[in-house]
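Next come two complexes, and both contain chain A; in the first it sits with chain B, in the second with chain C.
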Partner chain A sequence: MMTVPLSVQLLLAVILFLIGLLGVLIRRNVIFMLMSVEIMLNAAALVFIIGGSRWHQVDGQAMVIFILAMAAAEVAVGLALILQVFHLHKTVDVDRLRELKDE
Partner chain B sequence: MDVFHLLWLVPTFPLAGFLILALFGMKMPSRAIAWTGTLSIGLAALLTLWMGLHFLTQPPDGHHYRQVLWTWFDVNGFAPTIALYLDPLSLVYIFVITFVGFLIHLYSTAFMRGDEGYARFFAFMNLFVFSMLVLVLADNLLLLYLGWEGVGLCSFLLIGFWYRDPANGYAARKAFIVTRIGDTAFIIGLFLLVKQFHTLNIQDILMQAPGVWAVGATGAFWAALLLLGGAVGKSAQLPLQTWLPDAMAGPTPVSALIHAATMVTAGVYLIARTHVLYSLSPAVQSLVAIIGVLTLLIAGFSALAQHDLKRILAYSTISQIGYMFLALGVGAWTAAVFHFMIHAFFKALLFLGAGAVIMAMEEEHDIFKMGGLRKKMPMTYWTFLAASGALAAIPLITAGFYSKDLILFDALASTQGSVYLWLGGFVGAFITVLYTFRMVFVTFYGEQKKPIAHNPEHERAMMIPLVVLGVLSIVGGWVELPHAWAHFTPFSHLLETTLPATTLKPGMESNEWWLQLLTAVIVFIGIYLTWVAYVKKPAMVTAWRETAFGRACHQFFYKGWMFDQLYDVLFVKPVVWLSRIDEHDFIDYLYEGFGRLNAWIHAGFSRTQSGYLRWYLLCIAFGLLFIFSLILFV
Partner chain C sequence: MNIIFYISAIIAIYSTLRAVLHKHAVHALLYLIVSLLSVAVIFFILGAPFLAALEVIIYAGAIMVLFVFVVMMLNRGETAIKQEKEWLQWRAWAWPAVFVGLLLIEWLYILFGQPATGGASAGQPILPGQVGEALFTRYLLGVEMAAMMLMAGVVGAYHIGKQKQRTYHRYLENEADARRAAVSESAKQEAV
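Showing the complex of A and B:
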């Protein structure tokens, strides 16, 4: 069985993470930002899987289950928050949500 | 049980009153405040009376009682104690403080009613009485100094009691700073005494001083002079007298208690207490007498030109304390204390009477806008008249005659006395009559110029103190009759267990009666003259005041011999000028630099807080990158 070298595996995780980070930084729509955060979470989960397979232990996979559950909860809360924000401000553009800044 | 063991309770009652009022006063109903404030002093007064009776009938060993409460601190053998010392001198003082203090508190319950600072007023007054008791009961000079500063603080707080008016705050600061000049001299004097004696216990110092210093020694000279500096500041004598007239900004009961009866006589107490030091330095003792004479004359003339009822009384207080200093200066220690006691009675009464008049006149202080109050306020009038008689020393019937005549006699007849001192006091006595009866005639006689709004004659709490003090202003003098009449002198007999007796020049005793006759004559001449000038022919005085010379004189005396203006030019202006040109020295640049740097960094940081969520995230990302790079590459 041909194995992909570890460095390539990690590179994939890093690329995924950077895509997610870039998405968070570039996007102004909160929903897209939330999705980008999910990508970053998945990048982290991928690193756990890689680690698990590298050392032949199940801890990595168990951790991924945790991350999935956490991500589901986070999305639920996040979407609820976004809904509330939209109700209040009629927008999901983060750059226009600046009420915390002291003018 | 020995009653003197309860001595510690005398200052404790007012302290407890102060603590209760300071901690819970805001929530207490005004009746409870009045009861707490008055009862604390009343109990102390009762206890003092009881102890005083015991002291007279069964005096303790050596005519003094010392109660050590605890050691204050102990540094390298210098261990001042918190100890109370009761002897005839402090007994007279605590009697006046608690008894007159109680009457004034009683008066205040009605006088201050409805004031928003009712609890604050009684709290400060109780604290004052406590501090004053500590001052006179202290067995060492350090504890005395604690009380000394305590009364100064209370005086400051109570002069500026109505602090919303900036003028009152200014008067309070003036009183505090001017007395501070004297206090600084006082504490330097204490350092000197500690250096010499390694103790501040008063009795130890008095005992050792004659062995350490010869008469006229430099050490004794400086110690006495520096303590005199403190006394001069507190008792508003020349050259530090300027604060007292302005101190009248406080409520009238405060003027009665602090600036007439008790605190301002603390200087007299200090000198009498440390009399051995003054006997050891005759030069300073003569200075005391000279200060006294000059002060009583200057203040007397100033009182003659005032319009404000309370300012007349303030200058009169300065003048009367001048008499006490004169007595101290000629070695008539008991006469000074005697005049202190009588003065406390009649001057407190005058202030309380003035308070009633001012209350009836709706805060009008100018006597020339009053007039004719004799019929409407009979009780105030008669008691005020009794006190004025005592102040003017009307012979035989008033207490002031006995005390002031004793001082005048001693000023001439004592071995340290001289005809000049006597003449100064004699002229002062004449001036006293003039300004006293000018005040009485203008206020109570003539036609009424202003209707009475709220007659305080119905206030029983205000009238009782007037009557009691009025009686004392008459009968108080009978505890000390002139030598020329009878050998009935229980007061000086009591005090001479502590203070040395006055030594008279030989053959002077026989002169006493004609001196008395002379004073009696000028008193009646003075009353007649003021009667003519202010009741019969008031136009005469007005005409005189219209002349150029008359106006200049009036202005000069009205402004208290221009001392305020003089000090303004000599001290206040240079200090202000110096601080103004020194406003931007290099220290300022240093601290302003700190401030600028802070503001600059702050501005930089605050720019990062843009409010853009994505910007924050970017910062976090770069921060993480930075930390990882550190971990990886460093």
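Showing the complex of A and C:
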């Protein structure tokens, strides 16, 4: 059986989440930002799994199924939005999408 | 078991970093798939075989295929890589990296700076049957709501992604309207 300490398992989830956060912060391409959001969601799911295995409860896995459903819906809508933005502006650079900015 | 955990953790961290920092979109997606697969291995050895399978099928399968399709439809080629090189200067990522590093240090302190709390230890894996039983008894309302959200997501994605017929000038727009009206008029007269 696995004997990795709980804090090391949580550390893996934290590192994955922070890499995703770094991606959202440094990329300017919308597709990469959406990918980084996926990484962060995945890290959150990993925390649920770790908790579920620690206390041997099914609730963690049930929550991860909801996270999966949410990620799927989010990706569908987000990618449709990216396609539409690309058709309107011919760019995927978030810094150039500034219609809502008050001049 | 421990060595499997550490190996897949290292693969996951490395490939996620490559996915986030890569300049080529398709290569980044492939790295992300490797990362998701190694996270699925971790799910499996943490006693969640059902979720490991779902991770492979839904995340590494369906969601990544959507991403690949969109990258293919945008079709930006070599110019995109040049653009990414310009965007990923060290000035752009230095400060965010510093702040994320600070967050990591805080987490290290929280995780390792305190005495370990007690609790039941991990034992047997939780089998798919138990998960399904919990989903369709205690979490039935949540499952229904997830189904509605997926439906709304599909309808919303279709509605947003629909290509509208655009005319680029108002005179042309009027012309197109007039032509359409004329066509329907003649159709009516023919019917009469």
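In this text, the second predicted complex is superposed on the first by the 102 of 103 C-alpha atoms of A that agree within 3 Å, B and C clash if a C-alpha of one lies under 4 Å from a C-alpha of the other, contacts with A are read in each partner's own complex, and residues count from 1 in each chain.
One rule holds for everything that comes next: a contact is a pair of C-beta atoms (placed from the backbone, for glycine too) under 8 Å apart; a residue touches a chain by one contact, two chains touch by 3 or more.
Because the structure is a prediction, the values reported are computed rather than measured.
Partner contacting the larger number of chain A residues, of chain B and chain C: C. Contacts of A:G20 after superposition: chain C is touched, whereas chain B is not reached. Of the two partner chains placed by superposition, chain B and chain C are both touched by A:R28. When the shared chain is aligned, chain C comes close enough to touch A:Q9, but chain B does not. Of the two partner chains placed by superposition, only chain B is touched by A:R98; chain C is not. In the superposition on chain A, chain A positions 21, 25-26, 28 are in contact with chain B in one complex as well as with chain C in the other. Chain C contributes residues 1-2, 5-6, 9, 12-13, 16-17, 19-20, 25, 28-29, 32, 35-36, 39, 42-43, 45-48, 50-51, 54-55, 58-59, 62-63, 66-67, 70-71, 73-74, 76, 80, 83-84, 87-88, 92-93, 96-97, 99-100, 103-104, 107-108, 111-112, 116, 119-124, 126, 130-131, 133-135, 138-139, 142, 146, 149-150, 152-154, 156-158, 160-161, 163 to its touches with chain A in the complex.
Across the complex, chain A meets chain C through its residues 1-7, 9-12, 14-16, 18-23, 25-29, 31-32, 34-36, 38-39, 42, 45-46, 49-50, 52-62, 64-66, 68-77, 79-84, 86-87, 92-93. Across the interface of their complex, chain B is touched by residues 21, 24-26, 28, 94-95, 97-98, 100-102 of chain A.
On chain B, the positions that touch chain A within their shared complex are 609-614, 617-618, 621.
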